[in-house]
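Okay, so chain A shows up in both of these, paired with chain B first and chain C after.
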Partner chain A sequence: MQKQEVRSPQSANLAAFWTFLIVVAVLLIVAILNAPTKGGPQVMESLSTYLNEVRKSALPFILVIGIGAVIIGILAGRVVRREWVDRKRRGDLLIGFLFLLPYLFVTLTFVLGVLLFALYISFTQYDIFTSPKWVGLQNYALAFRGLTDPVRKDFIQGLYNVFWYALIVVPVQTALAIALAVLLNAPMRFKQLFRTIFYAPSVTSSVVITLIFIWFYLKTGYLNFGIAKVLGVFGIPWENINWLGDPRGLFQLIAEPMGLRIPSEQWYLRGPSIAWMAIMFQNIFTTAPTFMIMFLAALQDVNPALYEAASIDGASGWQQFSKITLPLLRPIILLVTVLGTIGSLQVFDQVYLATQGGPLGTSQTPVYLIFSEALGKLGPIHMGYAAAMAFILAAIIFIITYFQRRLLERGTQSY
Partner chain B sequence: MATTVEKLSIPAGTRKIRPASYTISLIIRYLLLISIGVVLFLPFILATLGSFKTDTEIIAYPPTFLPARWLVENWVNVWNTDLGQGGTFPRWLFNTAFLSVTIAILEVIFCSMAAYAFARMKFPGRDTIFNIMLATMMIPSAVAFIPAYVIMTKLHLINSNWSLILQFMVSQSGIFILTQFFRSIPKDLEEAAFIDGAGHAQIYRQVILPLARPALLTVLILQFQGMWNKFLEPLLYLNSPDKYVLNVALSIFQQQYKAQWNLTLVGAMVNAIPVLIIFFVFSRYFIQGVAYTGVKG
Partner chain C sequence: MKKRWFILMCAVVIIAMIMSACATGNATNTTAPIEPTSAAGEPTSVPEEPTTAPSVDETQPAAAETGIPVTSGECPVAVEEGATITFSGWGDDTEQKIYRDSIDRFQTACPGVTVDYVPIPDKFQDKMKAQMAGGTAPDVFYVDDQLMTAFSPSGQLLALDDYMSEAGVSREDYIPQLLTIFTQDDKTYGLPKDWGTLGLIYLPEAFEAAGIPEPTADWTWEDMREAAKTIADGGQMGGFCMNADWARFAPIVFSNGGTFVSDDNQTATLNTPEVKQSAQLVADMFTEKSLVRASDVGASWCGEAIGKKLVGMTTEGGWMVNFMKQNYSDVDWKAVQIPSGSVSRADIIFTNAIGVNAATKFPQASAALAIYLTGEENQGEIVNTGFAYSTHPTQADLIQDPNDKAISEGGLLEDSRVAYWGPNTGKVNDLVSKAIERVFLGDQDVDQSFEQLQEEAQAALAGQ
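Take a look at the complex of A and B:
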């Protein structure tokens, strides 16, 4: 390493050239790794058989990415040439990217590369073992065919279910989380202990909690027992329910005593089923404490002088809560709502373990369907269809969270 | 941070003479807190008690609270489970622990490096990459798992721990927490070190990392817990019995044992207990981590 500053433009040009080469090479490797080719043992046998396959079936994909890679490479090269002449800035650039290297590797391969691949195969028919066949928008159309064709209702019903899920779970768990946080924020003894115990259900694996709840929900389980006990006090008889196997919908339960029957073809009028609401309850149980912690942290940053001033002015406890606490919590409410919605629209673990989409598809969810189609659990493997459903779901999540943000942020301005 | 704020939040009212209504509301509040605590902890208590019951007692109606006879054998039987092909219970426990520890440690190293670059260095491209990271944090994971699965088949990494390690050795949430934390460290120490001729690598190791120990521990624990509790990814990538993690093994248990809920509950509790112990010991860091992602986000 020389002491004096390197001003030679030649070495800067050389560095820029190498940067260009390395960037293009890395991006091409990521592209080749993500190339939409057929898989299977013959193709995957060695690097050369795979590269052969890439050349045969994925050349357009590689070309498009290649053009992008060249552009990024040129930009990177120019930056390097500019920074190279100054010794300190050159060092910062090199060390900075060295520090970012693991992250860049993961994000390029498993976030961005994967995204391009998924986007591509969502327009194809793809089962890993044969080359992807371009089918245009057919997969996307297939996902929505359930709107008219009841045989194909899976995805639409999945969306219907997760909408109900988000609509019920998100407000309830947010409200509960705020209530718990306010309760815990008051001055008291054993605050740490209570906080720890409240948070415990959120720490354990959703598999564990789901299994315990499946057991609670059995026909002979604690839930039926508890309800029977409580109702027994008032002399009301209770017939045990198999909670996770009961397809009766909320609206159906309301309408039936009034003599209205909702036929099974009109499943979308039945509302969330008992099985689905049982899963919602369990999810609220585990997620509310997580969000409670977020609210608690925010509450601790609130200046106590605000409450003092309010109580001197004669504000009641409820007024203090609604006029001081809630407005100050708004940013966290927004965050928790968005996070809760993203999570709700992607329910998987509970469905896989507890109901497998049943009964009568009333706990079917898009992610469970994507998983099943991608792995061929419902017949042949439909990777392209699964990818298309994933993108539709992603778009829906984006749109919903965007409007939530608009709505809640506009609310903030009025204060 | 938390302790000082807690002191501040005690309102002036507590120092005044307390009227009777205050005592009553205090009693109500504690009763409420205790009953909520009992409800939230009840699943663990009932599951633990259930894991000692007999096959018939566990699904009998009406359900009992305490086991009629304490069957310690249940725990021994589960521990001795053998699904063949090397699928034994100690093996699954080891797999889960190994993956969780490895990934948590790698996360701390790689996330702190990236966070240092984002928070403490200046170079072209830094902000662009940071913004791309923030944007990609919004991509739902449902989009990624199919193509990631395809890549893993191409790399022959199905049924290899590398499939999970490669994907999860660095995470956006970890980088995000640490970047926020590093930014809050005052720059004085660093500047002194710079004047003494220290480079970035040295400052990262000798100044920032020691100062950021609580945040590093937070990330370590959160990622450990996150990996321990992961289900979908291990289910996809690790599907031979000797490679199962506990969560996946548990889902197999549930199908295998059907009505033998006592055994499934043993498995569930063995899965839950390590995380609960770590949580009770380090609860401060868990809570800090959740609070940090939330409030400062």
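Take a look at the complex of A and C:
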């Protein structure tokens, strides 16, 4: 008798209908919880004042999400109707989603909902305390205005800086991590001790490391002292550099002895500044060991028989490394490069602690700019502009990661 | 093989997750110390709360610690029955102690009001904005220009004028310049709780070694330059210490008759001859090496350069008193009021206020607290601790330390002013620091740099 009930299309339709309702309701609740309304005590006083405000200013947002919710609901309903007839798959489906439910709700509310909120806000002018005002693509245009108007170069300069950062930091730290991993994978004494020592910078708080490096980089700090001592042996005079406060660019330093002057209007020809390269160095120091651990883990997985066979065939150590180790590490190299690039493009805490974007904006980064605009550090709160910059950055990261994958995945599966 | 890859990938993912978790954990715990950051050559070396001393030595018994004197205080405003209000401000242990004592005095004056003091020593402004947006902000809290910009245009702050007249307090009771920031549409949204300014700080021994007379209260910037050059030429220490910092630059501009922005906060006035003349003085001093930056001599800020006897002179504020007492008690230093320029003698004023949340359930009690804390009675008690200056001109003589008093005199001059230019103040001032930095670097001359600054500042004033 039960079997009959199960097989009846009516109950499947009913289940599909309920699924549709639940999906739409949950998504709408998530949308309402993340509705782009103004904040402030008058709105947040009670649920009804909040809902009132949602009705007043966030209906278009709810409407768009609502349409999306209906589409997703229909799709989910169709899946449920198809699966419902099979008793086992029905059970799996129910139990699966039951287990997922708490996490799913949290993710939807605090990740997806916030994401949609930010996307909406990026098309508006919003200072938290007044209702968002729709301005279309103005915020996005504003971010790129630095391309034509040198007065508003903040975001463009930030992007320029992080591109140099990624271009220098990612290859160097990856190479360094592979080198460290291969060295520590070799049979030697006190291997564990060295692993611990090399890994130490990665487990130390980046705040502590930054503070130590600030001292290290002082004009009267250890770095200048050390360089002066070493050069002093050869009789070369050394003029102390205020490492974290020197905006002279790499190309500028190369060009100036040749009598070429790069004016400050053409800052984009100057290359990464001394201050910025100092931060890069510090970042390589802290993240290379993190990735070293990944490479070490991957190296454990390389079949020793391969090296044995290669050495019988007369392959040198370098050949073994370049023909066996490196190709086998390729998936991890991909992972490390992608993670490294994303991390580089999002660099924030070193800048926040060490330079606050200075000197002369040469260590300005998009995330630091987003932070200061969103929190109104130097003026009114520009949540919309900050959100727009965040989405531009996310798009750039997505594109770069996509091409990196295509480039590095080619030929990965040949072993 | 496949399975192994799977396990490896899982391990990698787990490691990555742990790392990212660690990373975020760190990021949320970041506390940015003010002094080491300025070591990095960053021009903004004005402390976040510039009007107050960095901290007071625990062993220095502040007057307030000797017990709360019985005051004959009356409650300024008739308060609601059984009101409970929350009060938040930044501040280290010293400031918290001073405000706990102040609240005790208030509760004696206004019995029946319960004040819940919730100090927020770090990231105060960020936290207040988040709390305000969520509707959980305290009833009474410190207000600075950043919070004024964020809160007052949308009406999150309570206008205090009605309560002030009920209490018999008028705007004239306060030092007039202090109210500039906290006034909008002729209404008062915050009452100044303390203020600070800059004075000329110097080491007498530097002048003795150079064989020149010590600075006097009628010095001009040119006198300062001469002395700085003589000291620097001696080769023992730097002459005058100044970073590429708008706040240290402002008194020179003001005293030469210039300003950063026009009075209506609409037009930048940073390419005027007065401003360029001031910048030229700084640039020339830098070229002739009579002016050094703190980082040039190996200090994190100019106050420390004085403490370490690396420079002969600098411009700093009242916070030097406790800083030197605490860290360099054996160094003999002195202060005179700020030198005068070609037009007048004028100083920069820093100030913060106490404001009331417009959504408070107890507006009477909250306003009473704000008025009481900034009132003459309580300010008199705070001045006695040496912690901050009173915001009432009548109490200027209460400052006890002679150096502190000399510094404060600059702020009481008629032409002294607050460097506040409306909502985009922070951006304009930051741009000024950058323009000075470009000049120091030799990247541009004063003309180029300040013409560029004028354009940038104008764009910043126009909003986005």
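Here is the rule we use: the second predicted complex is superposed on the first by the 358 of 415 C-alpha atoms of A that agree within 3 Å, B and C clash if a C-alpha of one lies under 4 Å from a C-alpha of the other, contacts with A are read in each partner's own complex, and residues count from 1 in each chain.
Please note the rule applied: a contact is a pair of C-beta atoms (placed from the backbone, for glycine too) under 8 Å apart; a residue touches a chain by one contact, two chains touch by 3 or more.
Just so it is clear, the structure is predicted and the values come from calculations on it, not from any experiment.
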item: Partner chain(s) touched by A:Ala298 [first = chain B, second = chain C, both, neither]; value: both
item: Touching partner for A:Asp349 - first (chain B), second (chain C), both, neither; value: both
item: Partner chain in contact with A:Gly245 - chain B first, chain C second, else both or neither; value: second
item: Which superposed partner A:Ile95 touches (first chain B, second chain C, both, neither); value: first
item: Chain B versus chain C as contact partner of A:Lys191, first or second or both or neither; value: first
item: Dominant contact partner of chain A by residue count, chain C or chain B; value: B
item: Which of chain B and chain C A:Gly136 touches, first, second, both or neither; value: neither
item: Contacts of A:Gly314 with chain B and chain C, given as first, second, both or neither; value: neither
item: Which of chain B and chain C A:Gly376 touches, first, second, both or neither; value: second
item: Which of chain B and chain C A:Pro257 touches, first, second, both or neither; value: neither
item: Doubly contacted residues of chain A, that is, touched by chain B and again by chain C; value: 39, 44, 128, 203, 205-207, 211, 214-215, 218-220, 290, 293-294, 297-298, 301, 332, 335, 348-349, 352-353, 375
item: Interfacial residue positions of chain C with respect to chain A in the complex; value: 4-5, 8-9, 11-12, 15-16, 19, 22-23, 26-27, 29-33, 36-37, 39-44, 125-126, 129, 132-137, 146, 149-151, 153-154, 156, 295-298, 357-359, 423-427, 430, 434, 437-438, 441, 443-444, 455-456, 459-460, 463-464
item: Chain A residues within the chain B interface of the complex; value: 33-34, 39, 44, 50, 76, 79, 82-83, 89, 91-93, 95-97, 99-100, 102-104, 106-107, 109-115, 117-118, 121, 128, 180, 183-188, 191-192, 194-201, 203-209, 211-216, 218-222, 224-225, 240, 285, 289-290, 293-294, 296-302, 304, 307-308, 311, 332, 335-336, 342, 345-346, 348-349, 352-353, 366-367, 370-371, 374-375, 383, 386-387, 390-391, 393-394, 397-398, 401
item: Residue numbers on chain A that touch chain C, as the complex places them; value: 38-45, 127-130, 142, 151-152, 202-203, 205-207, 211, 214-215, 217-220, 242, 244-248, 264, 275, 290, 293-294, 297-298, 301, 331-332, 335, 339, 348-349, 352-356, 358-361, 375-382, 385
item: Sites on chain B touched by chain A in the complex; value: 2, 5-6, 8-14, 29-30, 32-33, 36-37, 40-41, 43-44, 46-47, 50, 58-63, 110-111, 113-114, 116-117, 121-126, 129, 132-133, 136, 138-151, 153-156, 166-167, 169-170, 172, 175, 199-201, 204, 225, 228-229, 231-232, 235-236, 246-247, 250-251, 254, 261, 264-265, 268-269, 271-272, 275-276, 279-280, 283, 286-287, 290-295, 297
